[in-house]
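Shared chain: chain A. Partners: chain B in the first complex, chain C in the second.
Up next, the complex of A and B:
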């Protein structure tokens, strides 16, 4: 679930200038030759972008819109009325609600705490927090499968407190959003803590010292000085995580296999799209669900790029 | 006052240690699990160490499962990840340079689109990509996985940022005055200076490709094509403890320590990179958040 792009925040040095001015102030070669060279440099990437980014999106939209009678929204209506459709989106939004709230709270709190430590100690903590990122996806799902199995789990004492005896107790339908939130937090939070820590380091030391001279304690400094200054990274984390979370697939998939179908194969929208395409051979309907997901991702991304003021656009 | 400050520090440290345990305990468990037998794994302390002999035995069982299937999956993962990463670099480095240091019509639009597709989760395009790959008869070939991996807009973004902020403008201007053509400037001036960003993009691309599940899940359909992420799912499916119906291969049953071992082997390449590239990585991740 952790996408690498989620682990780098746009900072001041990384700000993107989309304006013509940006390149204009650099010593550039005569316009003609530079322009041709520019096209050559981006050509391979543009081919990939068109073939593997734009084309499949257009193809999916075309498939979703093509009906026996011509062009229409029948497939969108069909899938919307499909009895697994609403639950799949409900599941994912419930998961996202739990995950985003807890991740935001804990990532910010932990980053603020780590930031008050001596450098060497803080490095060790950040590394431990970050390490699970190496097992994002299937590996983390398998490890957590064991963590959620009461017999032999290091967290058995917690599972026992809830009177869970076997794995199927833990992965009861009502628990699934929390379970996937824990998995997502496990692999993703560390990267964000590292980023927040970096953002905190960016705050001028004088500002923090001034607050301390004014009698502000560590807690007040964190809340009133540091927190407002890292707000844009918190927004960035929220938006990126929301977009990534809406695509949930591997975790419910693995859990479904491990519990003999106790987690249904249409638990998340992406699973539903897969199910429609490969179990029911309803490719147009699958394309419609893909387009739904694509639109969610696109809206979120466009909002962040053009409205979020995170990337400098002029 | 002082007591309160100590109190605060103590509470903070306790919370930090608690979370460190949350993040580290599953990894610790994963390393210890293959040293134990299936019985020990369930009945002994999760942090008990079994024996090196059991570890070696489990390793052999897993490696030799169904004619060394795990090695086939690992090889496939390597082909997909290395191929995808190499192509991603070939596309991203010149593109980042072109976007940062040359001027052409559509540059601004291309940057905007790159940012949008970078933020948009790649999984949203997997099914459409499958339909496209099917239309152009690429299904069942390695290209159905490698080509989508090659499209890595995040790498283009990183290269763009690097070239527009790190390469001294004067240096490029001087090279141009000396009569070097744009390509020559890129090849002889910019590229040699781009080593850090090549490493950073390679890392992000490789880790994303190695851990990718959904794309190969859709694009591949035989054991000889699966990467290790799908392989792990197949192993769960053949573990009677999780899938009681999965007793088709009596001779090749998978037990819990075997699953842990396979998972450990599967994450090893990425784990090694994380351990050894830690400093570079953290610097790279901080590139956005720290001033020079």
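Up next, the complex of A and C:
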């Protein structure tokens, strides 16, 4: 030892040693620490999932099942017998039918088209498609309200073609599902086009080149090669969109307030649950309607995952 | 030496490790303590405020008002500069947004916070009965706090919307929103010469028919809103579609001649969609309205009195609304504010006294045209003279206002659903799309009955489609 021990305080020496040790640790343990990092990242999500997803669901199920006489299905039966119950689900399924079909068709078609375009042009198009999605539900409801008002809309000529002279003509009960489908389409489609485009970019270039060498034209490549390869993404989009759509709330709620009640406060099942809880102070019934929604969402998601083979590895 | 050094090193390492552990443990302890404090914080704060309030009377009276009531706040603070009141602005529950309902529902589950309001201004007539009866039951029964003499000082049957079926007084009326016939005398003279102002619905609708033919584009009102038909035409004709007949019991009879009479008359006149506009009364040109049945506050709001594009000051004159088709001298009502007192107020006596002051004191009630005609009769004259420059023919207008405030039919009961909203969602599109008025009575009654059942009411009706969903 060249350094006299007397001149080195134990603490200093320690820190030198420790520093070296720490450096060694850092260099030595990438496998262990990355696993730890993985757990840390997942744990954030797990905590949030438990606190904001699982716990409220359990609370809702408990609320829905607790009746004055103990555990039972009375709240489910009661809510099922409300006059507003069946129409609310009909409204939402009608809305989802229109929305999911049109969204799937246009998103897939547009993504495939954009993918065959030259890169620079396709970037511009993707940006344009994405733009309407920058508007959140509440804001888009207000913008669309303006669009649907015959006296102020830039699309008044279309509304007039349907003989709509005043807002109350446009927002007639029969038109509501298609109105909300239009709103939801423009809010969500752009984002999905970008995601589908990303999925298409994952297709190996060799595969597409091989198809072209075999004489496949752009249309055939899109339909026979690209489309089957992004099928899982389409299923993924359907699962998420169905869940989001069945919980439709903001758009009808805001349109209802803006039209002084022309959209009833129980138009969608989620609105019905909200109305029961926060207008009529009937939390158990509200929980029952929410659990109905949860069950339907789970069943449809399970069907799509199973039929769409979403989690299978090729 | 080396050994000692090793020794020192080892102990030091052990020491560091121990310290680290301890530090970590310390961190955990701190974390747990903070979480615990945060969890306990709510209770702690509540206790702190409550005890401080008891000792030094430091807890202010918490009052929620809407923006239109800010002049009231200013007037109150001018008269009582040292009053310990916390004024909070909210939307006044306007258009049935249900702010109070959702807050109360939550608080009834989680416990009432210390900053919950003691006194609230509410712009919705039907809110009081909903918030004051089961399952809410959150409003103070003012019967033992407000003197009988004061309670009987409110105009006509106006306090009936503040009375529960079991007789509790759960609010005080602020302003009247009774309906009158608003007439633009300049236009009326231009089109009808010296003919008298209509006093019956048939004469009123006949004037509309005359306008359709000779002066298309001029209006006698609108059918383009959720509130126009049920408030102006059905309520004002004593049509029993919203009549609470006991606790949790409602009678809905769309076949009553009081309902069918006016609807058939409207269809026969051919006015709907013409001189009774399909557009909302708030979006038509106010200078084209010859006359319109409407609430007192509409005299300024609809006709844009004194504003650019509106009618000049001193134009509009209020006449009594047409006599009901059954001959009764009654009218409908559209809005009008309420003062509510929370049952959970720590000092109910002070809260009730404050609400009484706001609803009845001339210092408050004389303030501003927009605040509306005081429902408390003693305050009306002073308020009315402030309108002399706004409306024409002050003596006629003042008399019409006073009689309107006292003649609202009380058979259109406050209920936990919005009848306007039901008309808007069920019938409005059909009417503006050309359906007859008479064809709308049954679907409207059915939709009202469904809302009633959803809210837990039993429906009584001679029409089986209304009693059975």
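Please note the rule applied: the second predicted complex is superposed on the first by the 244 of 314 C-alpha atoms of A that agree within 3 Å, B and C clash if a C-alpha of one lies under 4 Å from a C-alpha of the other, contacts with A are read in each partner's own complex, and residues count from 1 in each chain.
The rule is short, and it goes like this: contacts are C-beta pairs under 8 Å (C-beta built on N, C-alpha and C of every residue); 3 or more make two chains touch, one makes a residue touch a chain.
Remember, predicted model here, so these are calculated numbers, not experimental data.
J.: Quick check for you: in the superposed arrangement, does A:265 touch first (chain B), second (chain C), both or neither?
T.: The answer is second: A:265 touches chain C but not chain B.
J.: Name the contact category of A:305: first (chain B only), second (chain C only), both, or neither.
T.: Once the two structures are laid over each other on A, A:305 reaches chain B alone.
J.: Taking the superposition on A as described, I'd like to know which of chain B and chain C A:220 touches: first, second, both or neither.
T.: After superposing on A, A:220 lies clear of both chain B and chain C.
J.: Given the touch rule stated above, what does A:168 touch, chain B (first), chain C (second), both, or neither?
T.: second
J.: Is chain A touched at more residues by chain B or by chain C?
T.: Larger number of chain A residues touched: B.
J.: For A:106, decide between first (touching chain B), second (touching chain C), both and neither.
T.: The first partner, chain B, only.
J.: Touch check for A:160: first (chain B), second (chain C), both, or neither?
T.: It touches nothing on chain B or chain C.
J.: Tell me which partner A:83 touches in the superposition: chain B (first), chain C (second), both or neither.
T.: In the superposition, A:83 contacts chain C only.
J.: Of the partners chain B and chain C, which touch A:67 in the superposed model: first, second, both, neither?
T.: In the superposition, A:67 contacts neither chain B nor chain C.
J.: For A:277, select first, second, both or neither according to whether it touches chain B, chain C, the two together, or no partner.
T.: The answer is both, since A:277 touches chain B and chain C.
J.: Just which bits of chain A does chain B share with chain C as contact spots?
T.: 5, 10-11, 13-14, 17-18, 151, 167, 257, 259-260, 277, 283
J.: Contact residues on chain A for chain C in the complex?
T.: Residues 1, 5, 10-11, 13-14, 17-18, 82-84, 151, 165-169, 171-173, 256-257, 259-266, 277-283.
J.: Sort out for me which residues of chain B touch chain A in the complex.
T.: Residues of chain B touching chain A: 4-5, 8-9, 12, 15-16, 19-20, 22-30, 33, 41-43, 46-47, 90-92, 94-95, 97-105, 107-108, 110-132, 135, 147-148, 150-151, 153-154, 156-158, 160-161, 164-165, 169-170, 172-173, 176, 181-183, 186, 204-205, 207-208, 211-214, 217-218, 229-230, 232-233, 236-237, 242-245, 256, 259-260, 263, 266-267, 270-271, 273-274, 278, 282, 284-292.
J.: Enumerate the contact residues on chain C facing chain A in the complex.
T.: 1-2, 5, 8-9, 12-13, 16, 95-98, 101-102, 104-106, 108-109, 135-136, 224-227, 278-280, 283, 416, 418, 420-426, 428-430, 432-433, 450, 453-456, 469
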